[in-house]
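Note that the chains are named A, B, C and D in the order they appear, and that numbering of residues resets to 1 at the start of each chain.
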Amino acid sequence: MAMVCLSDFEAYAKKYLPKIAWDYFAAGADDCVTRDENILAYKRIRFRPRMLQDVSVMDIRTKILGTEISFPVGIAPTGFHQLAWPDGEKSTARAARAMNTCYIASTYSTCTLEEISMAAPGGLRWFQLYIHRNRAASQQLVWRAQTLGFQALVLTTDVPYTGKRRDDIRNGFRLPPHMKVKNLERDFEGDDCSEYGLPPNSLDPSVTWKDIDWLRSLTHLPIIIKGILTKEDAELAVRHGVQGIIVSNHGGRQLDEGPATIDALVEVVEAVRGRVEVYVDGGIRKGSDVLKALALGAKCVFIGRPALWGLAYKGEEGLQEVLRILQDEFRLSMALAGCSSVSEIGRHLVQLSKL
Amino acid sequence: MAMVCLSDFEAYAKKYLPKIAWDYFAAGADDCVTRDENILAYKRIRFRPRMLQDVSVMDIRTKILGTEISFPVGIAPTGFHQLAWPDGEKSTARAARAMNTCYIASTYSTCTLEEISMAAPGGLRWFQLYIHRNRAASQQLVWRAQTLGFQALVLTTDVPYTGKRRDDIRNGFRLPPHMKVKNLERDFEGDDCSEYGLPPNSLDPSVTWKDIDWLRSLTHLPIIIKGILTKEDAELAVRHGVQGIIVSNHGGRQLDEGPATIDALVEVVEAVRGRVEVYVDGGIRKGSDVLKALALGAKCVFIGRPALWGLAYKGEEGLQEVLRILQDEFRLSMALAGCSSVSEIGRHLVQLSKL
Amino acid sequence: MAMVCLSDFEAYAKKYLPKIAWDYFAAGADDCVTRDENILAYKRIRFRPRMLQDVSVMDIRTKILGTEISFPVGIAPTGFHQLAWPDGEKSTARAARAMNTCYIASTYSTCTLEEISMAAPGGLRWFQLYIHRNRAASQQLVWRAQTLGFQALVLTTDVPYTGKRRDDIRNGFRLPPHMKVKNLERDFEGDDCSEYGLPPNSLDPSVTWKDIDWLRSLTHLPIIIKGILTKEDAELAVRHGVQGIIVSNHGGRQLDEGPATIDALVEVVEAVRGRVEVYVDGGIRKGSDVLKALALGAKCVFIGRPALWGLAYKGEEGLQEVLRILQDEFRLSMALAGCSSVSEIGRHLVQLSKL
Amino acid sequence: MAMVCLSDFEAYAKKYLPKIAWDYFAAGADDCVTRDENILAYKRIRFRPRMLQDVSVMDIRTKILGTEISFPVGIAPTGFHQLAWPDGEKSTARAARAMNTCYIASTYSTCTLEEISMAAPGGLRWFQLYIHRNRAASQQLVWRAQTLGFQALVLTTDVPYTGKRRDDIRNGFRLPPHMKVKNLERDFEGDDCSEYGLPPNSLDPSVTWKDIDWLRSLTHLPIIIKGILTKEDAELAVRHGVQGIIVSNHGGRQLDEGPATIDALVEVVEAVRGRVEVYVDGGIRKGSDVLKALALGAKCVFIGRPALWGLAYKGEEGLQEVLRILQDEFRLSMALAGCSSVSEIGRHLVQLSKL
């Protein structure tokens, strides 16, 4: 079977992953409206392509927080990569480095930060952080990430409690015994780690904007805030001094029936007015989706599930293949829209549906 | 089979209830457009969730007409609970009391008001009233309800005649011989009770706003008017001194192709301008629907069919399970939207589709 | 099988009519977009029902051109009733008279005007006219209709040529040998009557507004113009002194992808400003459709295919059943919307979708 | 099987063509959104037909660049006609001449320009040009076309690189060994002609507006620019002195999720303000689509895939049948809309959906 586009990898993963793992990765909250809207919303946006531009030399590189990446697609933080491929996050790290892009490692990794770092020294990596009730545990994670050379902290803000994912409940989802949330293994040793590998309610639902200051007191790393969907929160994020915003609805896994991220991006970008970088995840399935996100003001996009499908297909190699397809499609759609470099992509390239 | 969400109960009820009972509960008028729109209209509303609010302590209680309930979901008046469960409305009353919420008992109960009261002493109950051509019968009902401690009268206004429900006609729906509209058993003894358990055309189609005054002359109970769908009628209701309005289209069982209730709620709330409490029923299928209704100005919502599915599943216990699921989902969606108490829910939480 | 609503008759007709006849009646032009839109457009209109109106005494009568009918639904002109029932238009005429409503007999009847008249003396009938290249033939028809007591002429304007109905072409539709366009039998005797029972291109495509004057010179009967879909033509019709306008797209059988008639009605009614009566046909499938049409300004609606389904079911009796169902549904929907007489129906009763 | 409308030819071609050929002709880029939107967008446009116009004499002729054609439908440039019919473009040329319309021969023909010319001397033909990296090859083509009497050059602007057509990749599409891009056979002799019959990346992606001047320096033929979708490019085209614009998205085969051509036509026509002729291709499937395009300002439309289906059915004869059906449908829809000549068609005839 030829792997021509990302949905080929999706079909492969659906076919070959254990049902419980596929369901976990595919899950959306409640009726999965937002999960599916993330994709549908892209389809409602129309390009306004320009002809007869010289696109003989294509430059698709960009910079995020000052660091160059090969094209504006990074790996979003997702949990439990060993469910997709035995080597887990180590393969992810290697693939991201090979493709010269950024990998946001999740707190919920099945490899330790140290293993991830050693698997692909020199790769550009950010670390995704949840704030636990056990603050010491979170603090230790920050320090480890900083020490290991992770270049930014990504604070997830949309999980005061875990969203209701019906299939995981029906399946009685638990990590297989040989997998662990390894980064926090010692912190919760002996506890009942039945909720996605950690004790129930281990995340701190009392976190507020003030904790951005607490986080900043722990580290000199740039702080990126993930999960923002409104202009009000975008403004607050800027005022609290974050270096970047990831517009995200957690792949539709938290609050169902919130906005599609590409729709929320428009609102957030307008509110931010260029003061910090804005990224987006959710619903990216082909290169032209990346182009749309950039046209609407994203500096870079991050892919979640497609990265997992790539891992499920062939580990590091499969993920590289996913990224390479996206890269080729992105380059081609840029050229066909009349842009030869990322700097030429702008709001004029797209028309939002009146819907 | 795990009962994870309300549609699990629906599937159960559809599978295990006699077809004639299922069809009666599921029925909508004519083409069932409004019945289905009640649900679809919720899906068109998007949340605008706020991040980094302290949601560690959640308070989902509210008050209706001054009485506290455990969360803003009550039981809407529906008929013939014995069709769903042998104990009928007695189970409903017990479940509502156990969950500390309000149960609106229907005139068309298969238990008497007295049986309902004795089944769950001390529970918060309102009584739903039709005005019959036989006014003495209606008057007696009001007095019995008042005597038994029902705390409000809910006057249904959208049934001058019964809507045309095709499946009931095809099925030749009649109550099984051992079931009766017990509250009115004596009033219509010996009559041909072939129309939903009462004589054909027993309801009074000449009722007008003036009869609100008549009703008030009978009782000191607060009067709530059910079935309002326009701002004009909302204004009239307020002027006629009602204490509350239930925005309702009778579950889509009366006039087909009227508005979805959540759409009408917006119009009614705007017209009422806080002068009386506004409630809504129809189409509530998950906790986030409750959150949307409250964001749009409802003080509380009422569930009809989902309560019947709960009864059909396991009687009192099944209904409690339905309510508990809604409660958990409502609490979670509140937290994920950034609200820790009902008082923080407001219009800013939602975006209406431009459709 | 219980005949509960009009689609039951449709299902019956589809099952029992010869395919060639069913296809002929069901046909729309080209892709049948307009045929189907006629129905879908009704579904996009929402009622704004009013509560607590005294609807104990319902009066659903109305007048068209000064003549009272039992309710605002007449029989639209359609051809070849013998394809549906052996007695053809004679049964139609009897049913219309029995139900005290108006029957517009088609030029393309399989009974003569004389047979129709004798079948149901005293019934309210209008005569639908095409203008043929053979003007003498059309002139004779006008005189016969006038002599026989038809009370208006309905000039069809949307058939300069016959629309392209793919199924009729595929079926090689021809009238069975024992059926004829009897009204014109003598005029085209011996001709090749292969195009819907008449010689190909027998209709006059040069007819213009001036021919309204010609028509008026032939008869003292009121002239109603059928097929108007725009405000421009509505204005021209009024200026040319017609007595009524039927907003119609010929059941979607002529120009495909024109407007649904209920949508065009709004535009036409606004242009006419009450100067003449406006009627509508196309897409009426239940009583509440009639209510919507009247709310939007129609004085009366006419049904085409549903009448044929009634005939196919049981001839005169079947058509009466169709009309009785519509009557009951119309009365009920009026009552549920808060109107007790046709004069109370108005624009305030409906909300047009913003689509 | 009767061939009644264009989709009959589509069904035939799908059934009888080799899958690889059918897939090639049917292919759209990526998710095929734009390919399908080209058709759907027509369905959203409503006619505003006028009645009682004299349509007894119909004149459907028009002129493009001053030359009369029998009706405003020409043959769009598509490649590899031998995949549809052994005689390939020779049949196409003969059919176009027989129907007295314009055929735009593609650079990617499987017959030479000389063979095409000799097959149908005297036919109205334009030549579609790509600019190759090997400019001498393109230059030679221009001169040959001019010498052979082609009356205009059509410069395709939307293929700096070939779009991603998944099915062609999956099928490993290659021309059968006995077929060649004959016009360029000598220029690429011995090369690896694996990309649609030419060496990979043979087209010049550095072409800009300045190359219009280069092209003009080569020939006195009028230059028509194909692939314009925005007002900005339309303005540039006029300023660069082209004689005509074809609004096209290459049948949805290049950039997916650009606008439907009929939607883009409105924007382009408005920008051009009559300074040059504007044409459109993509999505034309029936005569009324042609009428809509003309109502929105197109001087003529061009059909791509339907012409190939005609060839696949019966070569020259099949294509004539396709054109004849379109002609008949166009004439009929004009008449039913109230127009007797092309000059009467205007913007007033259509209503754009508010969507």
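The working rule: a residue touches a chain if its C-beta (ideal position, glycine included) is under 8 Å from a C-beta of that chain, and two chains touch if they have at least 3 such contacts.
Quick caveat, the model's predicted, so the values are computed rather than measured.
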Intersection of the contact lists for chain A and chain D: none
Type of chain A:chain B copy interface by residue overlap (half), same or different: different
Centroid spacing, where centroids are CA-atom means, of chain B and chain D in whole angstrom: 60
Chain B and chain C, separation of their C-alpha mean positions in angstrom: 43
Multi-partner residues of chain C (each touching 2 or more other chains): 354-355
Residues on chain A engaged by chain B in the complex (per definition of touch): 30-31, 33, 157-158, 160-161, 163-164, 166, 169-170, 204-209, 211-212, 225, 227-230, 232-233, 236, 254-259, 354-355
Chain C partner contacts - residues on chain D that touch it in the complex: 2, 4-5, 42-43, 45-56, 286, 288, 292, 328-329, 332-333, 335-337, 351, 354-355
